[in-house]
Amino acid sequence: MKITVKEIEAWLEAFREEITAHKEELSDLDQAIGDGDHGINMARGVKEMHNLLETKSFQVPGEILKAVSMVFIGKIGGAAGPLYGSAFMKMAAEAGTKEALSAEEFLGVLRAGKSAIVQRGKAETGEKTMVDVWLPLLKKFEGKQEIDWDDWENSAEELKNNTKEMHAKKGRAAYLGARSVGHIDPGATSSYYLFKALADTLREGS
Amino acid sequence: MKITVKEIEAWLEAFREEITAHKEELSDLDQAIGDGDHGINMARGVKEMHNLLETKSFQVPGEILKAVSMVFIGKIGGAAGPLYGSAFMKMAAEAGTKEALSAEEFLGVLRAGKSAIVQRGKAETGEKTMVDVWLPLLKKFEGKQEIDWDDWENSAEELKNNTKEMHAKKGRAAYLGARSVGHIDPGATSSYYLFKALADTLREGS
Amino acid sequence: MKKLINDVEQIVDEMLNGMTAAHPNELRRLEDTTVLVRKDAPVQGKVGIVSGGGSGHEPAHAGFVGPGMLDAAVAGEVFTSPTPDQVFEAIKAVDGGKGVLLIIKNYTGDVMNFEMAGEMAEAEGINVKQVVVNDDVAVEDSSFTSGRRGIAGTVLVHKIAGAKAAEGASLEEVQQTAEGVIKNVKSMGMSLHPCTVPASGKPGFTLAENEMEIGTGIHGEPGVERTELKPAKEVAQILFDKIQEDMQLQKGEEIAVLINGLGSTPLMELYVMNHSVAKILQQHELQVEETIVGEWMTSLEMAGASLTILKLDEERKKLLHAPADTVAFKR
Amino acid sequence: MKKLINDVEQIVDEMLNGMTAAHPNELRRLEDTTVLVRKDAPVQGKVGIVSGGGSGHEPAHAGFVGPGMLDAAVAGEVFTSPTPDQVFEAIKAVDGGKGVLLIIKNYTGDVMNFEMAGEMAEAEGINVKQVVVNDDVAVEDSSFTSGRRGIAGTVLVHKIAGAKAAEGASLEEVQQTAEGVIKNVKSMGMSLHPCTVPASGKPGFTLAENEMEIGTGIHGEPGVERTELKPAKEVAQILFDKIQEDMQLQKGEEIAVLINGLGSTPLMELYVMNHSVAKILQQHELQVEETIVGEWMTSLEMAGASLTILKLDEERKKLLHAPADTVAFKR
């Protein structure tokens, strides 16, 4: 499996479709334990990303990841904007100028994104944020040469579902204290869609 | 029939009971074509009047009418306060220091009240105000030596009901224009209760 | 009815105490009255200005008491004109020897109560004049009726008459200036949501989710027309057209604009409204000398807004910009 | 959802245009941004102060732009932090050579976006410092979480830091003064009625007719506790007690008080609330140097209020009283 601009574009486009289709769900989750805008924020970001992908063409994965990071930083706003934006920024740096990435290399790119999120947001696992998807998912598949995309998707889904029973310690939901328990974290959910979109793209493409 | 302090007190007490019992009705009528406070305003006035009657004693009808006029002016507020207040003020002046009034004299007292309302409010009949009860009612019984109190009460009721089809020209309801048609005027209704209370008092007392 | 209050019967009293507690250096409550006066009233050698009306229009009227605007505000029960004895106390407290101007909004109750107070004051030798504000073009102007209501334009009458009095003008001059404002100020309002008079506990009217009311007053009264919900630019056009029908403003004319929130409309929406209004005024090539956006003459928690336009001349322009130092309006 | 708007997508843009249209001599919008700056920005030789956050808190933050308070306000989407590029533009526009202080409310999003902007500015050689306001005692303070939210107390940080900058203080001094305010200001809010984010169209939570929410934030978030509706004096006591638990104010201590309306609560109710608050403060023999009542940090059309108490020292007292000439706050 080789990941080139084509795969990245397909992945991001699939991500856009997931977000657009689940905009309400994301906002409803955020309504319950936050301020109800996560779906709106993400939809605004991926819409702008779509415009970018439509109008510009890219040579290498690093280039597209960089351009998308700027869109996310400049368009999403809220907490999710800097987090996804920083993630893609670091992913771009990690991808560098390589034309094609192996599965292993691509996992390294995603791990760089995860590090950026942790660095920017200072959250640990168990604090009911998107970190609870990124960190354990990438840990589970660390060092894998080939990825079982069904396992990947199911793991991501399980991880985001696990946030339901967590007591939020970071982000807006933390203000609710114990009342945050019983609701799935919206950012973990959008991250699940990001990873589901990746599975759908690469599973088909494989 | 002789009207002394005793009859006046009984009348005003009966008026208080009517207003208190119909406070909601008066406010609802005012809600429809005004600002919804007529029942509240009148109830505040008659409550204070009741306190006055409980604590002070009076020698002549003129004295009690005067004291009540001050309460109405100082407590009712809105449009109804100055109108009822001015009416009772002029009624007091007309009653003077007489200890007892004949039916004819008492009709003269009420006519003085009516003139005060017309002078203060500058409304004519047909403009959907309390004037549409006061003016035709007193005209109908003008010069009568004895009063048929059933006729009196029915006439007052009919007159206030007649305001329903009128297009308001004075008071707050005038702002509604044609939309005021179809609702009975609240001030005409409180005036009806004033005259009904009078009938009930003097009918029993006769 | 959900309100942040203690006791329906004590609302006005507690509000007035809450105001003097917050602004002890600016406002003083006359004992046993519902009158708030300037801390330093009466100001000798200055015409006193008294306004007021029912409560529920805050910051009107006590919020406008202070140097450059009002000397006293008389508060009635919610949406009910204050009584003559209260107004009379206000007049006595602010007469600094040059007489007192009463600024009355044109409601039968207000006019009669203030007039009676004026008669009481005249009887005690205080020189009293009055002006009656009737800026609401939603209501037809007719000599057969009690005429138009006074609404948000009243704030501009307060400002300009107050500045004139502060200059040391005579009672007749202040009255004349106020009359000039009244002739040249027109307003029209609309609402999205009614309000509930505390003592009644029920909203003044009901509106469906897709309805709005055009021509609403400031007392929870229904308006003159009910339509489906429209975007701000159409609302702005409706309000402007009705005002313009009456004012016939010409290209290049200098005006002041007041966008007034009725109580629960967020400032965000008032500025969106101003965005739409400004565009219309530009199309008409009107010269906007001043725009005032905020909640000045409210109607409890009614949602909605009114547009007020004041035609300026040199004097009004100068007085509008003159200093004012009140709790709610500073310049 | 009933709002006086044109287009949900254009609300912030139109609001900003409505503001500059209303206040052309006071405010200027940086082209292609959501940043409003003082008309005369950058002020040479003065520390620039930038604040902002999601929209929907009007008059915060642009209403506080002007001499004596902020140099720029950055507006995000409704209840969504503005992005770093916007904040960066603001920083560049107000840097008068003495550096720029960012006043941030403690929300993860705001902190991260402003921080990224600060990094961008530092990279271009602009000296940037930041303070993070976290006055909301409704939320538990813990080093394990992101800590307390910034709410209405932010307005006092704007006022006092702005006055310090206007005196010509250095960036470090302004930051230090702002930190001093932050350490000594605590707030707590409650609500009777939620608000609806325009883009979502649904209220942030629901409350029954006899319920209220204690500890509500300013983003339509639910509070920390739901109780039955209580009278203003009990509400005042709950808010005060929670603040006092944290502040441990002593007899005779000098404080400033802010009663902040959340959007649709009539000023009448805020003054009733102040009446109840003032009584409690008197019982505790606290010296109230200043009381500010009004809508300063709103949450769209949420109904409710917050209480803020600031402990004063000589410097804060002087700076609180210093002149300010902004659209919404004048002194």
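Order of writing sets the chain letters: A, B, C and D. Residues in each chain are counted from 1.
The working rule: contacts are C-beta pairs under 8 Å (C-beta built on N, C-alpha and C of every residue); 3 or more make two chains touch, one makes a residue touch a chain.
Remember, it's a predicted structure, so these values are computed and weren't measured experimentally.
*Asks:* Starting at subunit A, find the fewest moves between touching chains needed to arrive at subunit C.
*Replies:* Steps on the shortest route: 2.
*Asks:* Considering only mean CA positions as chain centres, point out the chain farthest from subunit D.
*Replies:* For subunit D, the chain whose C-alpha mean is farthest off is B.
*Asks:* Counting only Cα atoms for the centres, state how far subunit B is from subunit C in Å.
*Replies:* It comes to 32 Å between the two C-alpha centres.
*Asks:* Just how far, in Å, is the C-alpha centre of subunit D from the one of subunit C?
*Replies:* The separation of the two C-alpha centroids amounts to 29 Å.
*Asks:* Roughly how many whole angstrom separate the Cα centroids of subunit A and subunit B?
*Replies:* 76
*Asks:* Which pairs of chains touch each other in this structure?
*Replies:* According to the stated criterion, the contacting chain pairs are A-D, B-C, C-D.
*Asks:* Going by the contact rule at the top, pick out the subunit B residues touching subunit C in the complex.
*Replies:* For subunit B paired with subunit C, touching residues are 27, 31, 34-37, 40-41, 44, 73-83, 86, 120-121, 169-172, 174-177, 179.
*Asks:* Considering only the defined contacts, which subunit C positions touch subunit B in the complex?
*Replies:* 54, 76-85, 107-109, 112-113, 116, 138-140, 144-146, 149, 197, 199-200, 202, 204-205, 217, 219-222, 224
*Asks:* Once bound in the complex, which stretches of subunit C touch subunit D?
*Replies:* Per the touch definition, subunit C meets subunit D at residues 2-7, 11, 14-19, 21-23, 55-56, 58-59, 63, 192-193, 209, 212, 229, 231-233, 235, 259, 263-276, 278, 291-293, 295, 298, 300-301, 303-305, 328, 330-331.
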